[in-house]
Amino acid sequence: MVPITLFLALAAILFCIGLYGVLTRRHLVIVLASIEIMLNSVNINLVAFSAIGPFANISGQVFSLFIITVAAAEAAVGLAILIALYRNRNSIDVIKHDLLRW
Amino acid sequence: MTAQMTFFIILALIAIVSSVLVMALRTISHRVVSMAFSFFAIAGLYFLLGAEFIGIIQIMVYVGAITILFVFGMMMTEHRNIGFGPDPRKIQQVVSFLGVATLLGIMLYGIFSMDLPTTPQPYVGSVEAIGLELYGHYFIAFLGSAFLLTSALIGAVVIARKEADE
Amino acid sequence: MMLNILTWLVFLPLIGAIIIMTIPKENVNVIRSLAAITSGIALVISLVLWAGFERGATGLQYATTAEWFNIGFLQINYEIGLDGLSLPLIVLTTIVTTLAIFASFSIEKRVKEFYLWTLVLLTGMLGVFVALDMFLFFLFFELTLIPMFFLIGIWGGKMKEYASFKFLLYTGLGSAIMFMTFIAMFYKAYEAMNMQETTFSMIRMAEIFADPANPDVLTGAVKGALFLALFVAFAIKLPVFPFHTWLPNAHVEAPTAASMILAGVLLKMGGYGLIRVGVGILPDQAARFASLIALLGVINIIYGALLALVQTDLKSLVAYSSISHMGIVLLGIASFTTAGMQGAIFQLVSHGFISALLFFMVGAIYERTKTRTISELGGLSKSVPILAGFTLAAAMASVGLPGLSGFVSELLAFIGIFGASAEILPAATVFGVIAGLGIILTAAYLLWAVQRTTFGPMKEKFVGLADARPMEYVPMIGLLALSIVIGVYPHILSDVINTTVIDIVSKIGG
Amino acid sequence: MIQNAWLIPVFPLIAFLILLFIGRFLKEKSSYVGITALALSFILSVMVLFERIGGETYTYVIDWITFGELTISMGYEVTPLNAMMLIVVTLVSLVVHIFSREYMHDDKRIHIFFAYLGLFSFSMLGLILAPNVLQLFIFWELVGLMSYLLVGFWYFKPEAAAAAKKAFLTTRIGDVGLLIGLVILFNQTGSFDYADIYAAVEGGMINETLITTIALLIFMGAVGKSAQFPLHVWLPDAMEGPTPVSALIHAATMVAAGVYLVGVMYPLFLASSTAMTVVAYTGAITAFFAATMALVMTDIKRVLAYSTISQLGFMILALGTAGYVAGLFHLMTHAFFKALLFLGAGSVIYAVHHRQDIRDMGGLWGKMKITSITFLIGALAISGVFPLAGFWSKEEILASALLNGDGFLFTIALVTAFMTAFYMFRLFFKTFTGEYRGGDHDDAHANDPGVDAYGAADVAEADNPRDDSMDEETHVSPAEDHDHHDSPKENSGFMTFPLIVLASMAVVAGFVNLPFLGYPLEGFLTEGINVGSQPHGELWLAFVSLAVAGAGIALAWAMYYKGSISEDYFASKAPGVHKLLINKYYLDEVYTAVFVRPTVAIGRFFWEMDKSIVDGIVNLIGRSTSSTGRTAGRRHNGQLQTYGLVSILGGIVVIALAFVLRGYFG
């Protein structure tokens, strides 16, 4: 069997790629996509532990289901906000949305 | 090298490379497609781990629903305009890269220095087991996620629809 | 339930403030008279306390304790009481505030808020002087900051924002240091009692510090650090060089009534705190740092006087004179004799009256001439003889002319400093002689100021100025009369203070 | 009656209060209030004196202040010394009140003037009646205040305002020394009462050095108040005040308080030979220097002022050479004849329309008979001519300087006596003999605005008062052209009656201590106080004294009446000395340069330092806080990703720290 550490390592790599995307990409759609990648990396961890972890049981898979649910909801709302934002501000460039300042 | 290992490496490489491509490609539609590949590869990993149900859900929700959602999002916004011009935030990128790399380093170091035993025979969660758990132990949470989905549905509609008086 | 009379006294102004809050702001005269009545009642109560105070009895009077709140091991009591140290200051507070309210009848801007804040301020000041629980003390101490901040910031002069923020931040810093020190003392006391007892009560704290169950906790270094921190906290309020720079700004910008209260009462809280908390709880440390206190006192006297000598603005001259006079308080405290300690308290009270009067006079002159620059004034004796006469009288009181209260405190402080024991204050004589120079300087700057403002030929632009209004006689005569009464017959004050002072000084055994 | 001695100061106090509150309605009638009060006080004083002669010292005190175990009390006490002083003060004050009624009657603020006089009389009498030295100090300061107010009575004259301030400040320097001395003394004896102090000193409770220190500090007070060198500079300037004030305060009573102080603390001084030496030499030097300056002054009041300083020096000299009675005796006689001289000068000034320069006077002998004769009596008395008052007291001073002092002191005393006679008669001849020079001088030296006070104010206003710096040296005010040049004539009875009273006192006051009668005053004064044996001169000394006085008068006669020696003979012989004297040894300038300017400079330096460094640090802290805030605020650019990055970095740092410090899982 593939050692669990490899799954964890893969999840870490994907998580970091997603994080980097969130922090640097200017296209809001891609920022959202990066968030999805991060959520996925978490799911990999959960499922891996659920299947081949030291205390393998079903809970990890149930949790990953919840996460998928939340991710779906998040994607839906996020994209809705994105569209509303685009309609109001005519841009989906993250840099241009800087109202959140002092 | 076992077949499992081979599959794992292939799938992992696909996931990583396509994730990187999501960041790196220029055309927005290519990026979304690349993202779908990544999701797909991850679904494959679930199969590899014997979690078929999650794998199928992954394909259905992520590859099916969310990717399509992204495509719609992409199409309804600024998809033609590829670049935003030069990025004024070089420092942001560099620092982000360094920070994330550090984080990754720490995590990998931790993961590999940890002596985690791997169950030789993977636990296979049947759909039945998942269903029992979901409707039993996690029933409240399940209901909660139902509410979440409903409100997300309504919320998304409310937010995204054109203002009637505009 | 019949509440303690002190409680009534402290919270009565707050009640007055609440009533004023309900009155529409157009009813200016109603608000004014209500404020005057409220403070007048407080004055009457304080005089009743004065009359009923048992002279010669040790310990606290009118004391009351009630549990306020109790969180686990942290118990904070509503603990108040009176002794010979706080009673004169309470009477001072009510008198000065009442007269300040009279003095501010000419204010037309946002009258309602003005009296609202003044009354809240009164509650805060009275609370400080009666509180015996350190937490309560701190609370009231802070309560005085905000109203004064608004009084300066809204009704002040040209640079009122700067001055009010400087006041708030500077004295707020002092309060923060004080609070942290209180907390540190709390924990040290807790530790010293082997985690058996917690208290914020000053009286209990003093007992613990004097006789801890576990003496190893309260080493000299710890106590010394605590005392120094307390000293800095109160030094900012007093103010002591080099923490004094907020004072001239605040005074120059503050409206007359606020100046009167600021100089008359708020500064006294610093001196009071130093005696009550600093010397009261850590007497041995106070004695240990006596030379430092005396040195700072002398610096205050000389430095304040020298700066006052070269001021061009009449009000900042008076402000620096306050700094100079507060040096006497430090000097008196540092001597650790009954005479010196009494001199310090006398100075607190007497300077309260005198500086309030001086600030009132400066305010009255400014109101008429629209200038406070000394060189622009002159010959006021001719145009406004009564105001000029009172100004001269106030200056003379400030100079320390016998027959007025300033002299008594100076005399006592001098007797104290020259009689200080060599172990506590080795260089007492030197300090005393330098302080003597300060007296000459005081006379110099005040007389010079008087000469340049009221003497000399009358300036044409001051012809036809209106002399004192009937309403202005109230604060002028009131404050001057009090100064004269104390100066002519100080016994009325000393017999109240004496027992407490003996008690304080007796703690400094060695 | 002696129990009611406290009423003596209270009468003038009542007068003061009456005038303070309703004076402005009384106007000119104010004077009668003051005169009545003083008359009552005088009568009471006489009664007290007679009761005291052969009676007991009476003391009454109440608690004044208590601290610790110690109590200071206040009250009053009638001793031989203060019984005598009561008479002197009430009498002089009374006649000055009467004199002022006429002298000041045109001044709009006459009620204020009489109120001040009343308060002054109260303070002075309180000073005398004090049963302890602290109460003395209190009233000591109060008379200083009244001196300040009365010198500055014409406050609109910048000179007067500056002189008042100078007087107060200069005496204040001495007062601080006095206060410190008293405080040290108190800490040694635990009491301010005279009796306790005497007992402590005589019981040897205080060590020698400390006694010397205390005595010298107390003497500082006397130096300031009695205008002794080097603090004498205020007294000549104080002549800016109205002339009756000069007579009362700056000749007869207040300035003598310093001598009185040394008198009441005499046992303390006797216990320290160093202190006595200092006292004697201070007195001698002052007497000499002041006399030299009096030789050249041309302002009639300033001559008298320097003469006063000189005579006070005599008294101090006497006290310093164990002549307790001599000093106090001279204090009494001097009070009468110097008040007489000042009031005489006031009478002259009033008659010649407020001019004070003796060069503008002359020939008044025939025109002002009473004034001239009484002034002559005063001049003879101060010169020490037999049998006037000054003769007896001065003779005793010379005796004590000879017997207990050294040759130097005695020589100086003699020389000064000679100069005294000379400058007094210079003044007399210049003023009263020869031709009247007032009419043909256009530049009359008006210095005493009196009647037309407000006219002078206008002049001063138009003339743009000088920079009122602290060191303001007074000058005669700018020329003022008087319209009325009518010739002077004798004044009314209100002014001549006081002169007659004082002149008769100047004649008879010396008889109270006649050697032929066994020195009755001495017996009276030394009762109940241990001041050692009193020196008495032999007969030849009286002749020497007379001869010296005669020589002085003769020289003045030769120079200023006969004209056989040119008036500026000495001035032309030694122009440098003359210039030095005219400029008062440049002491004012020296003091300004040495004390005043550096103090102000230090003050300015500290102010700059206060603004730049002390406050600068405070402001720097404030500014750096807000600039830190601004800098940090600028980071908040609204870029979500930057925020995210920062928080992630924070998290990474925390993780990394935990990782480095404690390993991966702690």
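Order of writing sets the labels: A, B, C and D. Residues in every chain begin at 1.
By definition in this document, a residue touches a chain if its C-beta (ideal position, glycine included) is under 8 Å from a C-beta of that chain, and two chains touch if they have at least 3 such contacts.
Values in this document were obtained by computation on a predicted structure and should not be read as measured data.
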If you count the C-beta pairs in contact for each pair of chains, which pair comes out on top? A-B
Among all chains, whose Cα centre is located farthest from the one for chain C? B
Go ahead and note the Å separation of the Cα centroids belonging to chain A and chain C. 64
What whole-Å value do you get for the distance between chain A and chain B if each is reduced to the mean of its CA atoms? 6
What's the distance between the Cα centroids of chain B and chain C, rounded to whole Å? 69
Roughly how far is chain C from chain D, going centre to centre by Cα mean, in whole Å? 37
For chain D, jot down the residues that touch at least 2 other chains. 639, 641, 645, 648
Where chain B touches two or more other chains at once, the residues are 89, 92, 96, 99-100, 103, 114
For chain A, residues that touch 2 or more chains besides their own: 19, 23-24, 95
Pairs of chains in contact here are A-B, A-D, B-D, C-D
Chain D residues within the chain B interface of the complex: 639, 641-642, 645, 648-649, 652, 655-656, 659, 664
Sort out for me which residues of chain A touch chain D in the complex. 19, 22-24, 31, 94-95, 97-102
Report the residues of chain D in contact with chain A in the complex, numbered from low to high. 633, 636-641, 643-645, 648
Report the residues of chain B in contact with chain A in the complex, numbered from low to high. 4-5, 8, 12, 15-16, 19-20, 22-23, 28, 31-32, 35, 38-39, 42, 45-46, 48-51, 53-54, 57-58, 61-62, 65-66, 69-70, 72-74, 76-78, 84, 87-89, 92-93, 96-97, 99-101, 103-104, 107-108, 111-112, 114, 116-125, 129-130, 133-134, 138, 141, 145, 148-149, 151-153, 155-157, 159-160, 162
Enumerate the contact residues on chain C facing chain D in the complex. 166, 169-170, 241-242, 244-246, 303, 306-307, 309-311, 337-339, 342, 379, 381-382, 396, 401-403, 407-408, 411-412, 414-415, 418-419, 432-433, 436-437, 439-441, 443-444, 447-448, 451-452, 454-458, 489-491, 494-495, 498, 501-502, 505
